[in-house]
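The data blocks that follow each hold one structure.
What follows is a pair of complexes built around chain A, which joins chain B in one and chain C in the other.
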Partner chain A sequence: MSEQFSRRDFLKLAGVGAATTAILTGCGPASRYVKREPYMQMPEYNYNGQSTYYATTCRECAAGCGLVVRTSQGRAIKTEGNANHPLNLGKTCARGQATLQGLYNPDRVTNPMKRASRGADSTQAMDWEAAIQAVADALKNNKPEEIAFLMGMAPDHLFDLVTDLAKATGMNAPVRFGALGMFDARATLSKAAENLFGQASLPFFDVGGAQVVFSFGANFLETWLSPVSYTRGFAGLREAQTKQRGKFVQFESRMSMTGGKADEWLPLRPGTEALVALAIGRLAAEILGGSMPRVFASVDPKDAATKSGIKLETLEHLAEMFASSNGALAIPGGAALGQSNGLAVAEAVLALNALSGNFGKPGGVYLSALAPNQTEYNRPASAREMQALVQNMFDGKIKVLFVHGVNPLFELPASLEFGGASKYVSQIISFASFPDETAREADFIFPDHHGLESWGYQRVATGSAQPVLSGAQPVVSPYYNTRATADVLIAAAQLAGGSFAAALPFKDEVEFLQSKIASLMSEADGSISGPDIATFMAYFQQHGGYWKLTDGRGAPSAEDMLNRTIAAEEAEFAGEGEFFFVPFVSPTLAEAGANKPWLQELADPTTTVMWNTWVEMNSETAHELGIENDDMVKIVSEAGELEAPVYVYPAIRPDTIAMPFGQGHTAFGRYAEGRGVNPADLLGSHFNEAGDLAFAGMKVKVTKTGEKKLLSRLESVMGVYGIGLGEEK
Partner chain B sequence: MIKRIFDWLKQPLGLIAVGIAVLALFSLAAYGIYTTQQPPEQPIQFPHQTHVAFGIQCLYCHPGAAKGPAAGIPSQAKCWGCHNQIAKTQTSLLLAPLKDAVTSGTPIEWVPVAQVPDFVQFNHRAHIAAGKNCEDCHGDMSKVTIAQNPQVFNMGWCLNCHVETAGQDHEKLVKLSDCGTCHY
Partner chain C sequence: MATLADLKISEVKLSEEQTGKWGMVIDQDICTGCQACVAACAMENNLSFVGEVDSGYGRSMHWIRIERFWEGAYPEVKMTPNQPMMCQQCGSAPCEPVCPAYATMHSQAEQLNLQVYNRCVGTRYCANNCPYQVRSFNWRDYERPEPLSNQLNPDVTVRRRGVMEKCTFCIQRIHKAQDKAKSEGREVVDGEFTTACAQACPANAITFGRVDDPESLVSQLAHRGHGVKHLEELGALPSVTYFKGG
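Let's look at the complex of A and B:
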């Protein structure tokens, strides 16, 4: 405050102002001037003024959490978790809560449309008849093997429909991809399970029942696999009323929100995770006594300590903790697997579980339960499989590409050149609900309903002991002139005739859904059953899906796991530069939350930054380089370069920088566009043995640009660091 | 600086200025209250008296009053149930908005007249169940076109009736005058 105007004066004036405002505005019931739109046709089961609740499935990610949505007068007004749903037991994450802002998003695609030319802003509205004709023509006028579907990881019913269509007609099987799957390194986990247990599956880690949890890079409280379920598990680990409070150790080079909750956080050198896991295994095996398992025999703990930057005493102490616990669990995930040696890391960490002997036991490792109408685990495509698709596009083998539920131009690293390859595809038809980057490069957009307006089901891939088929139903009538993609495909297949019509002999999407769940009607151990499909479907909608009442998880066979050899080499890093580069999925936005202001405004849990992209850099490194908070830096990798402001972060290794993935949209509506940068632009096309992208296997150069860009954040720079705080004169 | 302002306000001219400012504020506030008490513009000049004269019960159009918290504004499907059989609907200027809304499938934006603030949890059902009639609070609808409030729905008015209804029954009085009955 200046000399003329003291803090006290300011408060006085503010008081007078507040009183005046209160007098002027507080007197009349201003809320009187509201308008009400009553139903045009009110459903019989509705009462005025009383909410109606519908159970459905969240479609913000592919985990398949159950929701109960409160609606009033035909408007969805609040989402909460479905308390009976075995996966999330009544809980949701922030993204689940924000799904309403997708429904009411002002930038939704409201009509089927044709784009004047790819990338152009001008579009021409179409009616649905013409749209369906366009899809039918695309199916009919091309050879089946020239037609490809690229789909997101949700919803599963549409994937099943397209799979059926592809099987019957010889079309390419649909490819599923999602950035979350890529950053989760699902292909690596699944491959490790296949190598070690003889079965490709998504392992399930029972955090809730464990006593000690070692997580190697798995950000399971944020976006990893099934965050709501794992958060519940974590609460179980920490619960101390009925048992001893469980301990949690996180190994990662940059402190994630999950790492922030750990008892011990170990910033190891990126690429040394396998070494560290094996060294801990060796030391623990020595404590346990008996013969040294072959898998740990070749590793030298001293060497591991030197290479990883973790002290030998610390490793010994961790081994002691692991060996002395009767419920030790080790989880591999996230950036630890997204490296050239990711598969070895996954295997080494799973081998620790073999040492602990926790396979198929509470607090241990299981094979995830398959959903009720599922026969094998369908893994989303790895980045290498996506590269194969892109190559087919380049080679002109694909003439028509249908895209649903995924935004490859944003989610795939630019170095895979999906954009370049799309120029060789004569027709791209997008079913996007939002005008995202891929929809902008499409010839047609035939918008699907929002998830809350949609029918469907999602298989719970992991996170629940019971096999769960989570059901979705519309909780509101569609607000715009959109149409369910399943309905569009069914109608187009009928028009196309021949094997297409024969593959989808359904009246509409609901009839297709019923055909898929009819077999569950009379199965034993089901949560619901019904004498006929109409009754069963009504229960399915009412309860939000179907699940088994028994534990469907498998126990991995642990034979010979300790007798293997795992190459305990360090990861290789691509590119030149002094810094390891760790991209991580924004815990608040994930891959498609940037168009929802609630999520943009939600402070990042570790840095509290909102509405932007930042670069995390260690305080000491920043000091050496003369970089302060909010200084712009240029990051150069072998694949590209970006500029972003620095957030000086004490909880990151000095030789590492990190960036959140989720911003940097060039389309996707007013809240997302032109905000921040996309770290996927820096990622080169390097893969691990399982085909997952080695996204954490890059080295980058960082230079200060001299500019500043203030990051908005919840923590005040003044309050936290004492900058600019002075005594009142 | 603020001291100088106060000193200036204390001299006669300043006092007059303060007086004028207070008067202006007061008038503005009074005008504000006045405007909120005017019946707002409705999309259709709905004649309640005509409908009552035909012998239509309140609960026919506002059935929510007997069933739940809100009496509700009828859906246009309900209006149309009768009106599509009435020849005048096709020609009447007054009814043109209804016809347009139904044929084009757009909802009619009514302006609710009787409202209580958000912190009051009013439930119609309990009042109907206690034997109150609609006109006890909303006035005689056979005399008005657009609904009017015969009184201000404020807390004193509510409590008067609650206390009267309780009479000598102490237990009832406690229930009916408890804050949590309406504010929860």
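Let's look at the complex of A and C:
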């Protein structure tokens, strides 16, 4: 050993014994059915200072990304992406990262409880026996058709459990809803696929393999369908080492974070998306030669140019770009579909893909792979289907409503009157982990574990070429006196007896899970297989799920697609007022991120605003109206009104205002409550043909109130001596 | 007599010859501005959140932030390529010579710009002198209500009021990987570990590694030719190379 051996090196060597090894474990602190034997060698999680890593599935949205969570001495320390998971390949979004702030949120529901009266703060703690008895009574003492389940878009295993229960007992089939599904306009996409391809399905757009991408309103880099997977696709589009750098064009009235990455951003007049798509199709077909496809024949590009506000030369240039590329892809999504003519928009944009001939080809449109234990695509309920549920509640047809994983009082437009209808439901039982708005109006809260404390699985609906069933396991023991909703339902069904007990003949949630995945054990092309269910289950947990090693995507049939006619009328707008109103999902908060302080403190990608709601208004318009940054305005729609401060935004049409969805909670814990406003309060009950809410089909009035509310923002205050909130102006 | 320019060249040479130098390449063309890196950094490095009012004063603890600027006017308005900005781990850091307490200094072992929290007396001179404006100061002891503290990373110091902090290139991960490699009698392999931001980035816009190793991915990328270093003319010798994109 030389003199150069420093103290630091010595300390490093001394620390070598404690060096970590990242080994994924299948049996963790909450394992069940594990035979306990004395250790010959202690497992790594028994050593102080060593981390243990568990694979599970992210629950921050329904996409189903695989996570690997680092734990240390029984605490979850950091979430990372699961590098082997086909959907996200080791990556996460900001919400996936912040999931620990949900797990260790100071405002979780800690005990089962009964509320003194709906909306009241005072609650009475219960024990789980009484809670399970209450659920059993609710099941037993009501007719099956009077019992309804309202569930979120995740997790799928619980949805399967309730579906089985409903099928066996005659209960209403569970209804699934989520604001993301509504703002994604999933019902419209699925209906368009059904109309054009003959099969209801979630189309998958292979952005990564394309050369030119035209997106009509799809916010695929933000919250749309599967953001991590689509972001990887976008990186592939831009990759210029092995191919030419791909071009990206975005059509939308307000520049989204996705639109900010576009080479060409085209602020068309809201409601003219179908016209523009067909006009580009017609011009491109003219360039390509041959007979004019019927679908494009009736549109007049000049007329489309006038109505949309995009110059005819621009349309021609775009058509040239589309026609001359050998990998052009068109994506319909987001606000473009959330209008009265949304279905026509989706069909018109998909027809562009038929022209490009990209169906089932790299860089084109596929039918998403169905998950391994799935036979057909189940989409979440559209807003119109939610309206039907609300009507049933009003009519007294529903006596008991169970709510899990969704917060309808916040996520549904107020005009659908879920709150009013709930008064006609005798009993509402919420399984919420957080004290959200709906839980506040419930009679009982029987809190489920946080996603990181839970068993389960989630089917990957889209975003991966391989069929994926993403597996979840507890990475830490439950922190509070919560219980898995599946366990509660299984126990309650046993208590209720009869067909309920027969429907769920399981000891607990894990046995139910095993029954659901057992059929995959010996299937060919699986990522894992096992000789018996216990081994298979251990692999399932260890690897974070089960996936096929083959491409499960389908090729849509493009027959007759170009021979259809699509009504290219402009959308209709509800309400009076000088401004189009565009609500969009906050890219950082999404539907349920507002209670996580670090998500609140992330700067919005386009405006850099933190911790609040703003209204985006075009700079020129604001100037004309005498409105400056941070001036409060009152927005009045046909359905409601609210006040919020203006962010003067250079990248929005002068006749449009936009607001993020995600804030405006009246419950949901200290970080969310009383912060900002909820644009869903402004939305009327208008639907498109597919039943999706026409959320982008409103016109509103805007007036300056004279007050100011200083927005906290990252821009212009970079560094430590900037100006900012509270500064004298 | 040696001019200032000559000095710079000799420093560059010196810096390139340094062994153990870590660096980053960031592709602004594919960065979508999604904030996953910012959240990942906050979770890994025990960053405090400061709340609405303090963040409005510019006191938020972002070790990495994503800058975007506007070009042109509506309708020809464009967002400039998103620019993740964090401590550039300068080879000749302007923050270092101004610290009276030797709290911010150059590490010979890792070729990083260190922040030694228990030496910092909070003069904030370093933040004043940082051309990249990437240092954040703990103006208060920010509240972290129980049980939020359960997620604190045991490998990273929790900072208190009056202390300056900034991106460390996840030095705890560097050390962990080096320890592991040493215990196995080998060198750290390129790509064996990465920083929290690079690990999370869904677009893979951030690449981290040894820039003194010509074989490493980060070196190969950095020498592609179209990379730039921000404010290079200041001669701070930043370790982060950006691809402008567009």
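In this text, the second predicted complex is superposed on the first by the 671 of 729 C-alpha atoms of A that agree within 3 Å, B and C clash if a C-alpha of one lies under 4 Å from a C-alpha of the other, contacts with A are read in each partner's own complex, and residues count from 1 in each chain.
By definition in this document, contacts are C-beta pairs under 8 Å (C-beta built on N, C-alpha and C of every residue); 3 or more make two chains touch, one makes a residue touch a chain.
Everything numeric in this text was worked out from a predicted model, so none of it was measured.
The partner that reaches more residues of chain A, of the two candidates chain B and chain C, is C.
Applying the stated contact rule after C-alpha superposition, one finds that A:Val228 touches chain C and leaves chain B untouched.
Of the two partner chains placed by the overlay, only chain B lies in contact with A:Tyr47; chain C stays clear of it. Looking at the shared chain after the overlay, A:Leu711 reaches chain C, while chain B stays out of its contact range. Residues 12-13, 20, 49 of chain A contact both chain B in one complex and chain C in the other. In the complex of the two chains, the chain B residues touching chain A come out as 1-2, 25, 28-29, 32-33, 35-37, 40, 62-64, 67-78, 101-102, 105-112, 115, 117-118. Residues of chain C that touch chain A in their complex: 29-30, 32-36, 38-40, 42-44, 47, 49-53, 55-60, 62, 65-68, 70, 73-75, 77-79, 82, 109, 124, 127-128, 130, 133, 135-137, 145-154, 175-176, 178-180, 182-183, 196, 199-205, 245-246.
Residue ranges of chain A in contact with chain B, taken from their complex: 4-5, 9, 12-13, 20, 23-25, 27-42, 47-50.
Contact residues of chain A toward chain C in the complex are 8, 12-13, 15-17, 19-21, 49, 72, 75-81, 88, 90-98, 100-101, 103-106, 221-222, 227-228, 231-232, 234-235, 238-239, 245, 255, 257-258, 260-261, 263, 265, 267, 479, 587-588, 597-603, 605-606, 608, 610-612, 618-620, 650-654, 670, 675, 710-714, 717-727.
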